[in-house]
Every structure is written in structure tokens, then in C-alpha cells.
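Notes for the one structure printed next.
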Amino acid sequence: MNTKAKNENPVISLDGVSKWYGDFQALKDINLEINLKEKIVICGPSGSGKSTLIRCLNRLEAHQEGKIHVSGVELHETMKDVDIVRRDIGMVFQNFNLFPHLTVLENCMAGPNWVRGIDKKEAEKRAVAMLEQVKIPEQADKYPDQLSGGQQQRVAIARSLCMEPKVMLFDEPTSALDPEMVSEVLDTMVELANSGMTMICVTHEMGFARQVADRIIFMADGEIVEQNTPDEFFNNPKSDRTKTFLDQILI
Amino acid sequence: YDYIKSNNELMIATDANWAPYSYINDAGEMEGFDVDVGREIAKRMGVEARFITPSWDIITSGNWNMRWDVSVGSMTPTETRSEVLNFPAVYYYTPAGFAVHTDSPITTLAGLNGKNVCTTAASTWEMYLEGSLDMIDAPAFTYKVTPGTITSLADGHTCLDDTRLGAGVRNDGIIDSIPMIQGAIEDGYPIRFLGDPAFFEPLSVATDKGNDDPELDAEIARIIAAMKKDYTLTMMSMKWFKNADGSSNDYTIAF
Amino acid sequence: MFVDTVIEDKSLHKPAFLLGLSITVLAFFFAFNFTNTIFGEFLSPVIGNPQESGFFGRLVVSFVLSIIFVLNLLLISFARLKIQIFIVWIELFFLFLAFAYSFDLELAYIFIGEPSKIWLMISKGLFTTIYISAVSIAIATAIAIVGAIAKLSNNGFAYAIASFYTSLFRGLPLLLQIYLIYMGLPQLGFMIDAIPSGIAALSLCYGAYMTEIFRAGIQSIPKGQWEASRALGFKFGLILRKIILPQSIPIIVPPTGNQFIAMLKDSSLVSVLGIWELMFMAKKIGSKDFNNLEMLLTAAMIYWALTIILEMIQARIERKYQQKA
Amino acid sequence: MFVDTVIEDKSLHKPAFLLGLSITVLAFFFAFNFTNTIFGEFLSPVIGNPQESGFFGRLVVSFVLSIIFVLNLLLISFARLKIQIFIVWIELFFLFLAFAYSFDLELAYIFIGEPSKIWLMISKGLFTTIYISAVSIAIATAIAIVGAIAKLSNNGFAYAIASFYTSLFRGLPLLLQIYLIYMGLPQLGFMIDAIPSGIAALSLCYGAYMTEIFRAGIQSIPKGQWEASRALGFKFGLILRKIILPQSIPIIVPPTGNQFIAMLKDSSLVSVLGIWELMFMAKKIGSKDFNNLEMLLTAAMIYWALTIILEMIQARIERKYQQKA
Amino acid sequence: MNTKAKNENPVISLDGVSKWYGDFQALKDINLEINLKEKIVICGPSGSGKSTLIRCLNRLEAHQEGKIHVSGVELHETMKDVDIVRRDIGMVFQNFNLFPHLTVLENCMAGPNWVRGIDKKEAEKRAVAMLEQVKIPEQADKYPDQLSGGQQQRVAIARSLCMEPKVMLFDEPTSALDPEMVSEVLDTMVELANSGMTMICVTHEMGFARQVADRIIFMADGEIVEQNTPDEFFNNPKSDRTKTFLDQILI
């Protein structure tokens, strides 16, 4: 496990970030720095703002106060180059969001070919390589609807990887899956972590967290309540809320 | 007028819906009395004639914006029309008459009083039925029929088709131009004329008031007068307006 | 529609039903006297002069007709589905022709003359109709995409202009739009010819209708597709073109087919500007010889043929995109 | 449409953009000479007689116009969304009126007379128009439901008849349908009056268009809904009425709104049968006095008002059913 | 556990039933009798015809050969009263198929009120009772989309129960659920079993099978390969295919 390295040129940094939905404050003064190759797991009770937080990182949601920097570029309302920032940040959704009218291969080629301007041959080669990495090269010519949930989620991961992102965001990638399929997706993610990818995962799979996380962040009510290494986090939680949460989840 | 000369082309608007005034012949070309008159006017101006066929509504709205120069389309000059159009010369008159189904018991014009008479909506014939005809330069006439109901249809042909269904089925009689009724009878419609022509309406060349060109109007008036004088118009009328027995009509004079 | 596995029995093959049907049909044919139609003539060997055959003639005619009708149904019901459909279409088509025939039409009329009337219509009118419709359809589609985006945007100007546009151009009669463009624009200093005016009016009017259709189509695509596309760094135009519109095709196509078909026929309104399109030719040629209805019907058959072509294209597109979904 | 969080900056608030915009607008107003319009008259204290003001006058007029235009945009851009939309609508409406005004219309015309022309139109025409449209819409909807079921069934007869019907009645021009029903049915021994003929033709024609819309709507509902309903023992009609149709409303409503609006205006075609509906009254009153355009515009405004009412109803239905989905 | 009682007036009987999809034979000469109050679990590899079999029982699918009787009524192509048979057979689908435009309460009232002709008051009372039985009375006024998968499945069960069926069919009722929710649905089903309902479940939850099943039927390639009591089935499988299957599933 890497040691935490604070403040040496982080990929992502949040500085006093707050966000409101109407009158409701979903994020409260979040400060956070994430370094290259770090693996972060975010957990916390439902409604605590986990999804909101990671969706702010590629500006699928807008924050209203504070600053978010990604690779040194600030995310703000009128930025011109949000597309470029987004290309550097892969995102995997809870319910996959594959493009149903494209085959698996086309799903994976779309990004490189359409926005990175890589030619079709090259894009296809890369797509096949990524599908091999997630272990479903044989499904390349099927449509998403013809795959199981676990296969779909692995395609979604491959699709993001084809863009060669610096950071991968996962928002509960296994929670819409049948249990038999959870492990195949988690395996893929572990492999990805071992390959050195910077990852930020919202998940309740505590086994996974123990195995790969450099840091676990516990959120509640829009705040970061506690962050620590997995060992410390599980064995020696500091705040009461963390303890209660852990008690519930590790029954 | 200079504009016409320099373009060497007189643009003539006429509605191609009315045989034998102006229609599309079997070869797909414009033909008819109005067309001949228009050609002759252009010839006497020393320019080429070109015909275009916008709908009646468009022609009568004025504001032609020089899309065409004159209308030679059998237009009846009325007070209200003269607010947007100039009528430099009346070139012929057309008689309007009543007709009924051949089986109809009605034998006199008075027999149509209080009956259901069909006609084209917003036509001079309809105004006649309503007793509100306001023609300019018109020969004198009297209102001879006061119908009970006026059925006005957008297309005069529909009236003829309705009459064909039988006396009193959809109407008791119709009023239309005599040549039109004549045409229908020749085509085998079971209808017959009723009485003498009801009135003669003068029909005029029209120009755009919005683009006032007194020179053009004067030229047209001169040409029409000349055409009347050397009987060109009469010849044309004889050529186009034939009766069932083969005799011809001269509509350039009202009687 | 998902069809149930319990199929109503072919009731036609049950004697009781057949008997009932026959009696109903007989009553129907008897109630509407068909003695004076072509059927009466056909049966004159049996019933004598149809006009004078009276009650007996009427009974015979209706009896024969109902026998033919029921036998026909019975025979068809044994055929395979595709053949059934085909036969019923053909029969309905001939019924329609028979109906048209009942107008005492001089059908020969459309073929006489050198060139023949129908050739005149096709050569001078059809091309113009197709040309005007096709151009207008293309422009209307472009307008519709822009309009739909504007109506769904959160820009006040765009929304207001687009919604005003759809309201106005759906609200005014098309004929008036044609007048206003043809006669109004010159007043503002744009001289515009008849055909461009016609195309402009048709495009604007149908663009407004299609804006609503495209809006509904775009709205039907789930939010997740937008988010996933954005997360990949796609720009707006790309998302719309490659992700959203292709997916909304099954929803957009059926009502758009309606609009294309309606536009084909509404293109005849431009004849008021003196454009010699199909309907103009039909009306003008027909009115001269009082063979209005013949020519109208001929034009109608041509429109119908074009409609059937559009319907086949529509069906093909729907089938293609349904496979993937 | 799901709107991105990266909003283009209000470019209007950037000086460079504003300047560019002003110049473009200035060039536009200069290119189309507005000196002879009402604006010229308005500025005559500065430029003298508009007709003779020449280049200077043109420049002044276009300058003033472009200032007004840009200031207006700027002011509106600070308002809240709803107010923005409202203001832009009002402004566009007045622009449209100004455009109509450029035809030198005698607007007083429609109000003179006892009873006034407009009252004549409304009292004699509007009711008929609404009555015919409403009845036809109701019948067309009923036909559409039956037609859609038939087109989706696996019964050969039903499919063939329904598809023939949609093809024929979408394929023939509505006007011809009106003629055929009005003149053809009497030949078969049914005497049918003008208004019923008109309603029959409109219902059949729009029923055909709407059949396609309903078919698409029903098809869009997943198979699982049918299966679950069947498993509960629901009969076909119940499933359709309570489960399938309510769910397909969001897909059916926008194109159906189009059809209702189009039908409103197409109802004017029945005037060929001598029915005194709105358009007939407008044309008849107008053409007698050569105030065609005034009356047409008046009719158009009434149609537009009816359209806006339909649009509001549509929006309300859409909102209601979107909340639940 | 009840003892098996063969041939004494079964609720459902299949007699040489075969079914084809086009050329592919999905069911091959199935013979089966199910008695009142019996609990049957059907398992087998994917594509073995489990869904097809139970969907034939309420004629969501049509069989081509053999006879199926439900409560003595034969199911065939041109029967008049299939609706009445279907009312006696509740069915719970893998993906719930709730009516999204109706509230939970309305979903449950629909059947009794619309087809059984029970008046609204009464239907509502019954619906509330059933929602209590599946332990979500507090969700009555929500729409299905606002519920979690487990809650939706329990509503689906309640909806079927409201029709007071004689037999309940379940087609993999938990396989589309998050694992946290599986147990809550299984609990509901166990309770239902204990209340004496006749049940036929396609499921791979072997714990559930052990706990409630009177008989386990193992299918492969459209045939019933083996049927036995749970004890025998797990501890003493007869055929090799059953053994292979059990080895895979109980790793």
C-alpha cells in the first residue's frame, strides 16, 4: 500500500466546495486532494452526498462555492474546455448507461474515434484490447441489451478505459448487479487498481475497499466525517458516526 | 411602361380555370379568348407576351410588385376593386343567366323567387342575387330574381354538379355566365337555360394601382379601342364563343 | 402490441357463426338496393330487366351478393397471413375503383389526346410536386431539429422564439402563410418568386409541426445517455447527432411519416401562386372539359402511389431501428 | 433535454460581443432600407422628409433601430427566465402585427358595419368551425384506437383493412375525400348532407393519420406490461384502456396535438360544400369588398387563438403525465 | 414438511407437454402433477426451459402438444375462460412489471376492483392487508419508480395475493435484486409458504429451496431430469447432470 503523499501536485483538488439543490445543501465545505495513482473509496449512508461529490469532479453537477481543480484546470460555469477535462476522467455509472443502439465494440470505439480523432482501425484495436482486459472480447459484436448486467458493466469500464483517462470515477458500480456478477466486476476493478490507475470509487463493497484502497473517505450529511487508511478506518474508527455506520454494514 | 419595352416582355396574369376564356389546352398550353386578347395587346405594343397563372385571390388583392404587368382575365370592374386596381379598358361583356335542371317545373325567372339558387361565392352573380351589384361602366340592368336561399359554393362547378343531381335536390336553379352554362349543356349536363340573360357584366383589363403607370394604362386603352375599331375583338369573340348550333356570339357589345 | 396466446377461434369456421353472418349480410345487401347497379345487369338472365324486377329481383341480387361475400371470406380465411392481407388489399382496391366507377366517369378521358391528359399531368405537374415537397421536407427537418433544441434549451430567447414560431406557424392557415410570404416580403424589400415562396411557406409550417415531434422524441431519451456522453467528453452536437437522435428514431418516425405524407398533398396549395404542380394541372385540365372528377381522381391516384412509396420507406426504417432496440 | 452544467456565458454581457452584434445589426438595418416605413416618419424631425433624406436619413434610421434592438436584448437578458420569455413573445407578436400592418390594411374595416364584420364571422363561422372540428376529432380518435389495434393484431382481415384504410385516406387529398363522400354516397343511395359529409371526411382522413400515431404509442409499451396484466386475468379491452393507453400518453400527445391543430384549419375545406364556417365567412365577406387580406388575417388570428388554447391543454396533459413517469 | 401426495386431484397437471419456438423444442414431453399446498422449486441451467414451463401454466406461452389442466380446466388455444383460470394463478416476474402509472395501492387494487368486481373500499382494505403482509404498508401512496427493487418485488407479490390465487408462480423473483434486498423478498416468500399457499418457484436460492420445498425439480434441455425431496436432491442426486449442476452452484 502506498503512503499518503499530501500536497505534491494533486490531480484533483477541492477547496471549500459547497453545493445546493435548491435550498438543500448537498455538499458542505469539502476540502480534498487526490494524488496520481491514489485509490480512494468513498462510503457513507444513503443521501450523504457521495454521488454528488464525484459527479462534481467532472462537472456533471455544478458546485456553487469553492474551487475544484482537475489536472490544474479549474472547473467553473463558463469554462470553454470542459470537454477536454472530461476526456481525462473516466466515469462508470451505477446503471451502466451504455449506448443501446451501438454494438459493444462501437460503444468502445465511439470516444477515441469521435472525439480524440483516432482513426477507425486504431480505435478498434484499442477497443479490442480493452475488452480483452475486462475479459469479454467475444461479446464485441453484440448489442448491450443482449448482455448480462455484469458484462454490461465491464463494457462500461472498457469504454471509459479506451479514452485513456488519468482518473476513473466509479459510482456504486456493482449495486445494480445480480450477486453472481458482482465479483466479476470487482475483479476487473482490482486488476485496474493494480495496474496503477488513479481511482475514486463510491462503493459499499468493504472487501474491495480493504484490498485496494489507499484511503477511505466516510461522508455523512454532505460532509467528510473521517478519512483514513483502511486498517485504521475499520479497526480504529474515530467518530461515532463512522462506528455506527460500520456496525450496520458489517453485521 | 418603359420597363416593359426594355424587357421586351409583357407579363400577363390570367386564371387558367375558365374555358373558353383562358384554360390549358390538350397540348398543355394556355389558350382561350383572354389569352388571344393578351397576345394581341402585347403584339401591338411590339413585345412578347408571357402568361402566368396566379389564383384569382392573388390577382385581385393588388400589390403585384411588378411580378406581372397586366391582368387580362375577364375581371369585372367594381367600386371596391378600383381601390387597388386600375381598369384602363373594358374589352367585352359577358351575359349572366339562370339555368335549372331539365326536369324542373320552373319555367320563368319569377318562378325562382323564394327558391334555393346556387352560385359561386363572392362572385358578381352572388352580388346580383343579393341585390348589391356595384359594377363600373355597366350596362343598365334590373334585379329579376329574389331567391329564398342563396347557396354559395367556393367553386361554381360544384353548383353545376349539384344541379345535375335533380331539380330541387340540392338547389332549384343556378346563376352563372352563359358561356359556362352553355359549355355544361354541351357536355351533357341535364340543365336548360331559364329566360333571357339577367345582366351583362363588363370585363376589363386591369393594372396595379400600387405601381401606378398612367402611360401603360393609356397605351392599353388605346390598343383596346383600336382592336374594337378594326373588329379584331369581334373576330376573337366569334372564334371562341360559339352556340350549340354553331353560330357565334359577339360579346364585345352589350345589348 | 404483444398478442395473447389465446387466439379467438376462427369463428368463420363455425357453422352457427357463418349462418348468422350470411343472414346479416343478406339483410344489408337487401336494405341497400343494388338492383340498379352492374350486378343487376349481370343477373338479368335470371331476373329480367333489373329496373322492373321488383322485390324478386332485389332478393335474388342480394342473395347472390351475400353468397359471394361469405364464400370469399371463407376462402381467404384458409390462406396464409401474407396472402390473406394481399387478397384483401386487392379486393378493397377494386371496391374503391367500383365506387369511383359509380360516378359514371369517362375514364377513357384521361388517356385521350396527344399527348394524353395523364401524361400531361405527370410530365408537367408531378416533377414540380415532388421537387417542392422534397426540398420543403428537407428544410422542415432542419428547422425542426433546431426548433426542438431551442424549445428544450434553458435560454430564454431561444425558448421564446421557438415557441412563438411553433405557435404562429401551426396557428395560421397554410394558405395565409403562402399569401403573406409571397405578397408580404416584397413590401419589406425582398422580391421573392413563386416557387421559393411556396417552399418557404411549406418548410416553415411543417417545420413547426415537426419541431413538436422532434421535441417529444428527444425528451424520451433517458438522462443517463446524456450523462454518459458528457462524461466521455462529447460535445453537444455530437451527442445529439450520434447518441440521442438515432435512439429517438422509433418515436419520431411514425408521426414524421404522417407529416411527409400530409406535406405531399399540401404542396398543392402553392398552385395559388400560379405554380403548375400536379393538382393545378388536374384542376385546370379537368375544368375545361367538365371532367373535373376524372382528373381529380387521377391526381389522387398519383398522390396515393407516392404515399405508398413513403409508407414503404417508413416501414423499412421502423423495422431497421426496432431490431436494434 | 438534459441541460449541461457548463452554461455558455451570457455573451451579451461581453463588450466585444456586444460591439460585434451592434455592427451586424446596423449593417442589416442599413441593407434593408427602413426609411420609408413608420420609423422614417417618426424620425422626420431629425432627417426631414423621409422620402428625400437619402443616405443620411438611411444611416440615422438604421442607427436608431439597431440601438433600440441591442438595448432591448440587453435589458431582457437581465430579466428572469419566465419574464424573458413573456417579453420576447410580446415583442415578436408586435413585430408580426407590424408586418401585417405593412400591407396597408384597413383594419377598421373588420369592425365597421352593423353587425360588425368580425362579429359576423365569429357568430356565424366560429361555432360551426369548432363544432365540426370537435366532432371530427372525437370520431377520429375513436377510429384511431380501433385502427391501431387492427394494425397491431395478427388477424389478416383486420390488418389488411386497417392498412388499406390508412394508406387510402392518408393518400388521397382531403378535398377529394370530401367530394367523394358528398357526391359519391348519394349515388349509392345514401343522401348525406353537407355537414355530415364534411365531418365524415375529416374524421376518416385524420383517423388515418392518428391510427399511425396510436400504433407507435401502443408499440412503445414494453411487453412486460401486457404479460403482467394478462397474468392478473385482465381482458384485452381493460388492458388497453387502463394499462397501455395511459402509459403511452407521453408519446401520443405531442403528435396528436399537431393533428388537432391541423384539423382545426383543415376543417375550412368543408366550405366547398357551402358550409358557413370561419374561413368561408372570412373569404365571402372579404372578397365582396376586396378586403380579402383583412378578413383572412382576422380569421387567422381566431385560428391562432384556438391553437394557443389547444397548445396550453397539450402542455398541461404532458406535464401531468410526465410527473408520474 | 408435508409428505408428497400423488394423484389425489392435483391443482395442475401436465400430460406429455411439448413446446417449440419455431424449430427449437423448448419443452420435451413434460409430465408433472402438482397438488394443493405443495411447494415446488424448479432449477436448472440457463436455457433449460424453466421459464417456459411455468409460463405455460397460465398460458402466457402456448404449448403445442400434450395437455395442461389447471383446476380441472384444460388450457388450449381457443378456450373462452382463460382469464378466469389466470385469476386463480398469481405470477411474480423477475423484473416486477408493476404498472408505473399507478400507485402501489392502485397496483394492488386494480385486480380485485377491475376484474373481480369487488368495490373500491373492500379492494383497498384487502390491498392494505396484503401490503402489511409483505411489510411495506407505508409505501402505499408512492409510485413504483420511487421504490427500491426489493420493495417493488414485494409490491408485485402483494398485487398477486390480492387476487387470492390458488397457486403462485415465481420466475426468479430475486435475480434482478441487489443482494441486500434478496433476503427481504425471500423472507416474504417463506412466510407465504408457511401460510399454506401452493407455490411453484423457479429460483437458484438453494437455501430457500431447502427450507420450504416439498419437491425440487431439476430441468435440463427442456426435460425434467430429476425430481425429489430437497434432502434427497442435495445429498443424493441421481443423475450426473444434477451432480454437475449442484457442484457449480454450491461452490
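For clarity, chains are labelled A, B, C, D and E in written order, and residue numbers in each chain start from 1.
The working rule: a residue touches a chain if its C-beta (ideal position, glycine included) is under 8 Å from a C-beta of that chain, and two chains touch if they have at least 3 such contacts.
Please read these numbers as outputs of a predicted model, since none were measured by experiment.
Student: Spell out the chains that contact chain B while also contacting chain C.
Tutor: A chain counts here if it touches both chain B and chain C, which gives D.
Student: Which chain has its C-alpha centroid at the greatest distance from the C-alpha centroid of chain E?
Tutor: B
Student: Compute the distance, rounded to whole Å, between the mean C-alpha positions of chain C and chain D.
Tutor: Roughly 20 Å separates the two chain centres.
Student: Take the average of all CA coordinates in chain D, do the same for chain E, and state the distance between these two points in whole angstrom.
Tutor: It comes to 52 Å between the two C-alpha centres.
Student: Measure off the straight-line distance from the CA centroid of chain A to the CA centroid of chain D, and report it in whole Å.
Tutor: Those two chain centres are 48 Å apart.
Student: Find every residue in chain E that makes contact with two or more other chains and list them.
Tutor: Residues 60 of chain E each touch two or more of the other chains.
Student: On chain B, where are the residues touching two or more other chains?
Tutor: 57, 61, 63, 161
Student: Mind pulling the chain D residues that touch 2 or more other chains?
Tutor: Within chain D, residues 7, 103, 183, 227, 230, 293 contact more than one other chain.
Student: Inside the complex, what are the residues of chain C that reach chain D?
Tutor: Touch list, chain C to chain D: 1-4, 7, 32-33, 73, 76-77, 79, 81, 84-89, 92-93, 96, 99-100, 102-103, 149, 152-154, 156-157, 159-161, 163-164, 167-168, 170-174, 176, 179-180, 183-184, 187-190, 209, 212-213, 215-216, 218-220, 223, 226-227, 230, 236, 250-251, 253-255, 257-259, 261-262, 265, 268, 279, 293, 296-297, 299-300, 303-308, 311.
Student: Applying the document's contact rule, which stretches of chain C touch chain A when the two form their complex?
Tutor: 224-225, 227-235, 238, 242-243, 246-247, 321, 324-325
Student: Which residues of chain B touch chain D once you look at their complex with the stated criterion?
Tutor: 57, 60-61, 63, 78, 80-81, 83-84, 121-122, 126-127, 132, 151-155, 158, 161, 165
Student: Given the complex with chain C, which residues does chain A contribute to the contact?
Tutor: Interface residues on the chain A side: 58, 60, 83-87, 89-91, 93, 95, 97-101, 110-111, 114-115, 143, 145, 159-160, 163.
Student: Touching residues of chain C toward chain B in the complex: what are they?
Tutor: For chain C paired with chain B, touching residues are 113-115, 117, 120, 123-124, 179, 182-183, 186-187, 191, 194, 271-274, 276, 280-281, 283-285, 287-290, 292.
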